[in-house]
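This report concerns only the one structure given below.
For clarity, chains are labelled A, B, C, D, E and F in written order, and residue numbers in each chain start from 1.
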Amino acid sequence: MYHYIKKLMYTVNVGTPSVPFGRMLLEQFGGANGELAAAMQYTIQGWNCVDDLGRRDLLLDIGTEELSHLEVVGALIRMHLAPLKTDREAAEADPLVTIAGGGGVALFDSMGNAWTADYLKIIGELDVDLRSNIAAEARAKIVYERLIDHTDDPGSIDTLQFLMTREITHLKAFTAALESLEKNPFSIGRLKPSPGIVDEFLNASKGEGSEGDTDMRGPWQNAFGLHLVDAHGGPGDGLSIGDVHGKIPGEDRGKQDSAQKAGTAVPESELVGSKG
Amino acid sequence: MYHYIKKLMYTVNVGTPSVPFGRMLLEQFGGANGELAAAMQYTIQGWNCVDDLGRRDLLLDIGTEELSHLEVVGALIRMHLAPLKTDREAAEADPLVTIAGGGGVALFDSMGNAWTADYLKIIGELDVDLRSNIAAEARAKIVYERLIDHTDDPGSIDTLQFLMTREITHLKAFTAALESLEKNPFSIGRLKPSPGIVDEFLNASKGEGSEGDTDMRGPWQNAFGLHLVDAHGGPGDGLSIGDVHGKIPGEDRGKQDSAQKAGTAVPESELVGSKG
Amino acid sequence: MYHYIKKLMYTVNVGTPSVPFGRMLLEQFGGANGELAAAMQYTIQGWNCVDDLGRRDLLLDIGTEELSHLEVVGALIRMHLAPLKTDREAAEADPLVTIAGGGGVALFDSMGNAWTADYLKIIGELDVDLRSNIAAEARAKIVYERLIDHTDDPGSIDTLQFLMTREITHLKAFTAALESLEKNPFSIGRLKPSPGIVDEFLNASKGEGSEGDTDMRGPWQNAFGLHLVDAHGGPGDGLSIGDVHGKIPGEDRGKQDSAQKAGTAVPESELVGSKG
Amino acid sequence: MYHYIKKLMYTVNVGTPSVPFGRMLLEQFGGANGELAAAMQYTIQGWNCVDDLGRRDLLLDIGTEELSHLEVVGALIRMHLAPLKTDREAAEADPLVTIAGGGGVALFDSMGNAWTADYLKIIGELDVDLRSNIAAEARAKIVYERLIDHTDDPGSIDTLQFLMTREITHLKAFTAALESLEKNPFSIGRLKPSPGIVDEFLNASKGEGSEGDTDMRGPWQNAFGLHLVDAHGGPGDGLSIGDVHGKIPGEDRGKQDSAQKAGTAVPESELVGSKG
Amino acid sequence: MYHYIKKLMYTVNVGTPSVPFGRMLLEQFGGANGELAAAMQYTIQGWNCVDDLGRRDLLLDIGTEELSHLEVVGALIRMHLAPLKTDREAAEADPLVTIAGGGGVALFDSMGNAWTADYLKIIGELDVDLRSNIAAEARAKIVYERLIDHTDDPGSIDTLQFLMTREITHLKAFTAALESLEKNPFSIGRLKPSPGIVDEFLNASKGEGSEGDTDMRGPWQNAFGLHLVDAHGGPGDGLSIGDVHGKIPGEDRGKQDSAQKAGTAVPESELVGSKG
Amino acid sequence: MYHYIKKLMYTVNVGTPSVPFGRMLLEQFGGANGELAAAMQYTIQGWNCVDDLGRRDLLLDIGTEELSHLEVVGALIRMHLAPLKTDREAAEADPLVTIAGGGGVALFDSMGNAWTADYLKIIGELDVDLRSNIAAEARAKIVYERLIDHTDDPGSIDTLQFLMTREITHLKAFTAALESLEKNPFSIGRLKPSPGIVDEFLNASKGEGSEGDTDMRGPWQNAFGLHLVDAHGGPGDGLSIGDVHGKIPGEDRGKQDSAQKAGTAVPESELVGSKG
C-alpha cells in the first residue's frame, strides 16, 4: 500500500514561466515515455513478479520513485503554464489545457493525446521485462536531455537534471538485475530457436540507396555466429527453411539451452532481507 | 521502394483449424508486440537514420523481413479462422472478425483492439532505438513461445518455430549493432548525469511484504557504483539532492563523457558496400 | 512523494479461482470506473488545487488510498487468473492476458481495452471536480456490487465488500467537502445564467411512447423555479431566447450571484493543521 | 425516432471570426465535455431506462436538446474557422481541420483528438446516472464560461451565454429528478457497506506540505458520522478491517437500508401523462 | 434542431433472446460501420455543406433517419441482452456490458471497443463525401446481411431486413446525388493529374503466387486509358516520372478539366423548394 | 514477401524547408487518409481475397506501391522538419515530434494523433471493398490537392503532384476492377432488400432552413425508382413498413437478384497469367 508525504522529492523553482515549454514538459507527465508510464510499467511488473522477491522489491522501489517524479514534473508544468490564465495568445496555443482543464496539468502529452496503457510493455517474463525497462529508461533519459536543450531557465534545468540523473540510476539498477540472472543474452524464454536458420542475416533491402548508401556490411552480419544470406525471392527467400521442424518431444526442442529460468531469484546468499 | 513477391516466406500448413487459436494468433498480426509493430518500428527508425548508413541498412533489412512475416502470420490466421463461416459458436466467440470482417484477418489483436502506433518506440537516437528493438525482439520471442504452447497442430508449430527463430536472429543482429557502437552502456545521449546522486539506489518500498518478502537486497544496490539510501520522507527523501546544479557552461555538464556519439557510423574499415 | 509499504491494505484470500470472474474484476483495475481512474482523478485534482490546502489534503488522502486499492484488486485478479497457465479453454477465453501478458494483470478492462486518461474528469474548478468525484464514487460502488453478485467465493466477496465500503466512505467525504463550501447548488463558476430562459424545461421528446409512455410530467418540470415549455419548431423552439444578451460590463452578468468562489478554502477556524 | 427541423435553435451571429477561438470551441463539439457527449450520455441512458418512464422522458427531452445544441456549436465554429481557407498562418495552426477536413467542423476536440465514447458515463443505475449527469452539466457550464472569457465578439458571447444557461436548466432538472427519488444520498445500489469501517476517513497523505500545508482537518473528517484514522503501515493501514465479512445470507448484508430502489418511478400522483 | 418522437421507427419483436447475438448486434450500434457512424457522418457533412442546399437537405434527411435506426438497433440489442442479468455464463461472456453497463446498451462494438470518430470519413468535398457515403452504405448492408445469417429469430430478422433495406435506399439516393453532379468520375477536386504517368498501372507485385496465382492481367490494366508498366527497381520504378512538373501558373495545371465544381448545386430547374 | 530497394520511387527535392508545412504533410504519412492507411487497406484486402486471384494481384500491386509512397512522403517530411532541431519557435509548435521523436517522422497525423487501424475499411466482400477503395483514393487525391495549395516550394509541389496523380491512376484501376464484375450497382451481397420500402426516400428533415433553404427536391427523390414519402411521426414514420417480412425460405428472400457473386473472378479469357 501507499503513503503520500506532502513534500516534493525535489524542490521546483521556475524563474521565467514559458507556456510552450510547459506544454513540452507534458511529454514527461502524460506522454509515451513519461513518469506515469514508468511508474505503472515497473509497479505492475513488480506486482506480477511473485517468484523473485528480490527483483520484485527492486521493481517496486523504482516504480514508487517514478510516482514521486510524476508529482515533481507536474509541479514544474503548473508553474510554466501559469500565464495561460492571463495571456490569450498562450491560451490559444494550448486550448485543451486552458478550456477543458482550467490551466492545470492532466494526463495528456504535449499534443493533447490522453495517456494510454498502450504505452506500457509488460510481458510477464522477468528478464524480458527488465530489458523493456532498460530501454524505457534510456528513452526517458533522452527526453529529459531534449527538454533541457529547450529551456534557459536555471530552476527548470536543475529539476530536469535531477530527474534525468535518476533515469541513469535506474538504468544501472535494471542492468544489474538483468545481468545477475546470468542468462545467455540470446536465450529468451524456454524454447530453443532452430539451429542454422537462427544465424542467417537476411539481406532484404537491396541496391544502391537514395541516401548514397549501397548494400552495407557491418558486425551484425558476422557477430555471434551470424552470416549473410541474400534474399532472392524463391522459397524461404534465401533462408535455409528446410531446417525448421515442429515442436516435438525430445532433446532438440522445448527446452532452454543453458540459461537459468527467467524468473529465477538471485541465490539466497546474495539476497538478504533487511530484517533477516 | 518496395516490391512484393507473390510467395510466402514460409509455407503455411494447418492440419486442424482452431478458431480460438486463430484469435490468439492475432496478437502477432495486429497486436502490441506483433509483426506490423516490428516492421513499422524498424523501418521508420531506418528512414530517420541518415547519419549511419550501415545501421540504416540493418534496420531496413529487418523491417522488411518483418513485413514478410506479417504476411505469413496472416496466412496462418486465415486458415485457423476458416470455420468461422460455418460454425455459429465459433462465430459468436469472435463477432468482430465474423460480422465486421467477414472472417478475414485485419489489424486487430486477440481482443479486437485496433492496432495503434502507440505501440511503437521510436526516439530518434540510434543506440536507444537499438535498445528498444532488442527489448521488442525479446518480447516477440516470448509471444511466439506462448503461442506454440497453446497448439498441438504440427504445421502451425512449424511456422511459429520459424518466426520465433528469426526473432533471435534479429536479437543478435541488433545487439551486434549496439555493441559495435562501443558506447558505455550507461552513457545515453550527450548530457552527463549528476555525480553522487546518480549512484544512490533509493529504497522507496519498505517493510515486510504480503508475499513474505522483507526489504530485499540484491546486486542492483551495489553494482556499477550504486549504493543504497533509505527513503525517509524528508527533503530529497534520502537522496543527496544538494549535488544537483543547473546546466551551466563548462566541463562538468553538457558533454558526453567517454562514449562515441550515438549516431556515429561504424568505421569505414568495417562497413563495405557490397558493390564497393 | 510516495512510499510503498510491502503489505496489502486488505488481505486477499481466494478459495476457488475463476478465470471468467478474474476477467470481470479487470473492470476495477484497468476499467473506466476502476481504481486507477479514481487514484489519478483525485490525485491530479489535488496537485492542481493550490488555493484550498484543506481540500487538497482530502483529495490526496483519498487518491492515495485508491492506489492502495488498485494493488488489492490486482492481487485478487492474479489469484483468479492463475488457472490460465494450465487450462487451455480458460486461456482461449482471455487471449490477451494469456499470450501478451503471461497471465499477469495489466491495465486493461474486462474486454481488453487499454486504460486511457479519457476516463478522467478533471476540470480544475474545485466544486465541480468534487461533483465529478461524488458521481465517480457512486459508479464504483455499483460496479463492486455487481461483481459481488457474480461470485460465490467468500474470500473474494470479503475483499470486494471492503473495497465497496470504502467507496461510500469517500462518497461521504467528498459530499462533506462540497457542502461545506456552502455554494448554491445551481451556482457553478462565476457567470450568471440568463434569467427567464434558465427556468424553461423544454419538452423536446413528444408523443405516445413505444414503451407505453406518454408525455410524462415530473418534479423536474416545476422544482427550483422550472416550468415547462413545448418545442414547436419555430425560433428558439419554444424558449424565450429574446432574453439572451451578450456578456456586457455591469451588474447583471459576469458575476456570481450569492455563492462563494469555488476554490475558496474552508474558513480558518474549521481547518486546523495537525501540527498547528 | 427523430425529426430534424431545418432551423438552428439559436441564431448564430459572428462579428469578427477568429480561427484560434474556433479551435477552442471544438471542445464543445467533439470534446470530452461537449454537446455530443451530453446528447449521447442522456439519450442512451434514456433508452436503457424502461422502468421509470417519467425519468426516461426527462433523459430524452434533454438528450434531444443537446443534439440541437451540437448543431448550434457547429454553426458557430464554422463561422470562426472561415478564414482558414484564405489565411495560411491560420491554416498552419490547425492542419487537421484545414487539410483533412477542408475547413469544416468534425468530431474532434481543440487538439484534434477524435471523439470517443470513453467520455461517456453510463452505468445503468438511474440515481447514479443522474449524479453523473449533474456533474457533466456542471463541467459543461464551466467550459462555456471559459470560452466566454476568451472572446470579445458579442454575437459569439450571446450564443455561448444561451448554451451556458441551458446547462444550468438541465442541472436543475437532473437535481430535481434525483431528489424526488428520495434516496438517502449515501445509499447507492442494493448492498450495504460494512458498518464501522465505512465511517473511517483514512489519513494516507501525511507531513508538512510543499505548498505550505500541514496535515489539514476539515468537515470531511467529521460529517455524516465520519472520523479520522491515521495510516500507520500495519494491517489495514489503520482501518478496522476486522469488521469486514463476506456477503452472507441474512439481515446485515445484501439489502438496501432505507432508500427506494434506484429505478423506482415517481409516484403515480406526481407523474401525469400529457394526454392522460 | 431535433425533435424526438417517442416511438420506434420499426416495432421490434424478439422471440428467443440470445446474448451472443445481442453482442454481435452491437456492431451496428457502436461499431465502425454502425448507425451512429452513419448518422454522424452524413449529418456533419450536411452541416458543412452550405453551398448546395439540395444535397444538404439530402444529407440531413438520411443522417436523421440513421439516428432513428440507432434507436431501433438499441431496442433490439436490449431485448437480446436481457438474460445477462440472470445467466452467469452469458454475463461472463460479455463482462463489460454486464459489470460496467448493467446490461444496457452503450456505444461499444461487439468486442467492447468504444465508438470513435476515427470511423468517420468527412473530407468536405461534396462529391468525395458522397462516394464515401456510397461505400459506407454498401458496407452496412453487408453487416446486416451477416447478422441475418447468424440468427433464426423471425422478429430479429424482420427488424434487420428493414434496416438492411433502408441501406439500399440510401445507396440509391447517394448515387443519384453523385451522378446528378455530372462530374467525370476520375475528375476529383480542382487540380489535374499529370498526363502520361496517370495512365501507368504499376506491376509492383511479381512472380508466381503462393495461392497458385501468377502475374495476373485484368481490365484494370487496360480500361480508361490505363496500360501496364513493370516495376524494375530503377528510378521511378518503371513509371515515366520525367513527366511530373511542379504546379506552375498556366493552362496545364491548377485547373479542373471538364467537370463541374464539386460543391455545385443541382440546377435551379431540378431543385424546387417544397414551399416554392 | 517483400523486398526493399534502397531508392525512393520519386526523388524528393525541397528548396525552402517549412516546419508548419512538414507538420501538414504528416496527414499523408500517419493520417486517416494517408499512405499507410492505403497500403494496409489494400494489402490486407488482397491477402484475404483468395477467390479472385486477378483482383488479389491488383490489390497487392497498389498496396505495395502505396508503401513506396509512404517512404516518399516520409522523406519529404524529414526535409521540411529539419529546422526543428535549431529553431526553438518551430520546435515549440510541434513538441511531440521534437521532444519525443527527435525531429524524425513517426506514425502521427498533423495533430499528433497516433495512427490507428480504425482508419481502415476492410469488410471482406470484394465489390464493397473496391467501393471503399474508390472513395479512399478520392479522399487522398483531395488531401494532396490541399497540401499543394499550402506550399510554394517547387520541389515539394513536384513530389505531391506525382503522388496525387497516382491516386487517380488507382482510382481508375479500382473502378475498372469493380465495373468488370458487372454487378448491378444496387445489388450488394446476397440478400434482396424488401420491395416497396426500398424505394421510399424519407423526408426526415423538414421546414424552412436557417441557411435559407426550404424542403428541397432533387434527383435523389426520383431516380432509380425512388419516390418521396414524408415523415409524420406515426408508425413507420411514413414508410410502408407493412411490406417487411422475416427471412423465409423461398423465392423472394435470401437470394441475390441478378448480379454475379461479389467474389467472382474475371472470366478466364480476361485473366492471363504473365507466364501462362
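A few remarks follow.
Keep in mind that, in the parts below, a contact is a pair of C-beta atoms (placed from the backbone, for glycine too) under 8 Å apart; a residue touches a chain by one contact, two chains touch by 3 or more.
The model shown is predicted, which means the values in this text are computed figures rather than measured ones.
In terms of the distance between Cα centroids, chain D is separated most widely from B.
At the interface between chain A and chain F, two copies of one sequence, fewer than half of the residue numbers in use are shared by both copies. Using CA-based centroids throughout, the chain positioned farthest away from chain A is E. Averaged Cα coordinates give chain A a centre that lies 31 Å from the centre of chain C. Computed from the mean C-alpha positions, the centre of chain A lies at a distance of 10 Å from the centre of chain B.
Centroids built from CA atoms put chain F at 39 Å from chain C. One simple way to say how far apart two chains are is to compare their mean CA positions; for chain A and chain D this gives 36 Å. Chain C has residues 1-9, 11, 32-33, 50, 57, 60-61, 63-64, 68, 75, 100, 102, 108, 111-114, 116, 118, 123, 125, 142-143, 204-205, 207-209, 211, 213-215, 233, 237 in contact with two or more other chains.
Partner chain A is touched in their complex by these residues of chain C: 1-9, 30, 36, 40, 44, 47-48, 50, 57, 60-61, 63-64, 67-68, 71, 74-75, 78, 100-108, 114-118, 120, 122-125. Considering their complex, residues 20-21, 23-24, 26-27, 31-33, 109-113, 142-143, 146-147, 150, 204-211, 213-215, 231, 233, 237 of chain F touch chain D.
Listed in rising order, the residues of chain B touching chain A in the complex are 5, 7, 9-11, 32-33, 50, 53-58, 60-65, 68, 116, 118-119, 121, 123, 125, 127-128, 131-132, 134-135, 138-139, 141-143, 145, 148, 154-155, 157-158, 161-162, 164-169, 171-177, 179-180, 185-186, 188-191, 193-194, 197-205, 208-209, 211-221, 223-226, 233-237, 239, 241, 244-247, 253, 266, 270-276.
On the chain C side of its complex with chain B, the touching residues are 1-8, 11, 75, 88, 91-92, 95-96, 98-100, 102, 108, 111-114.
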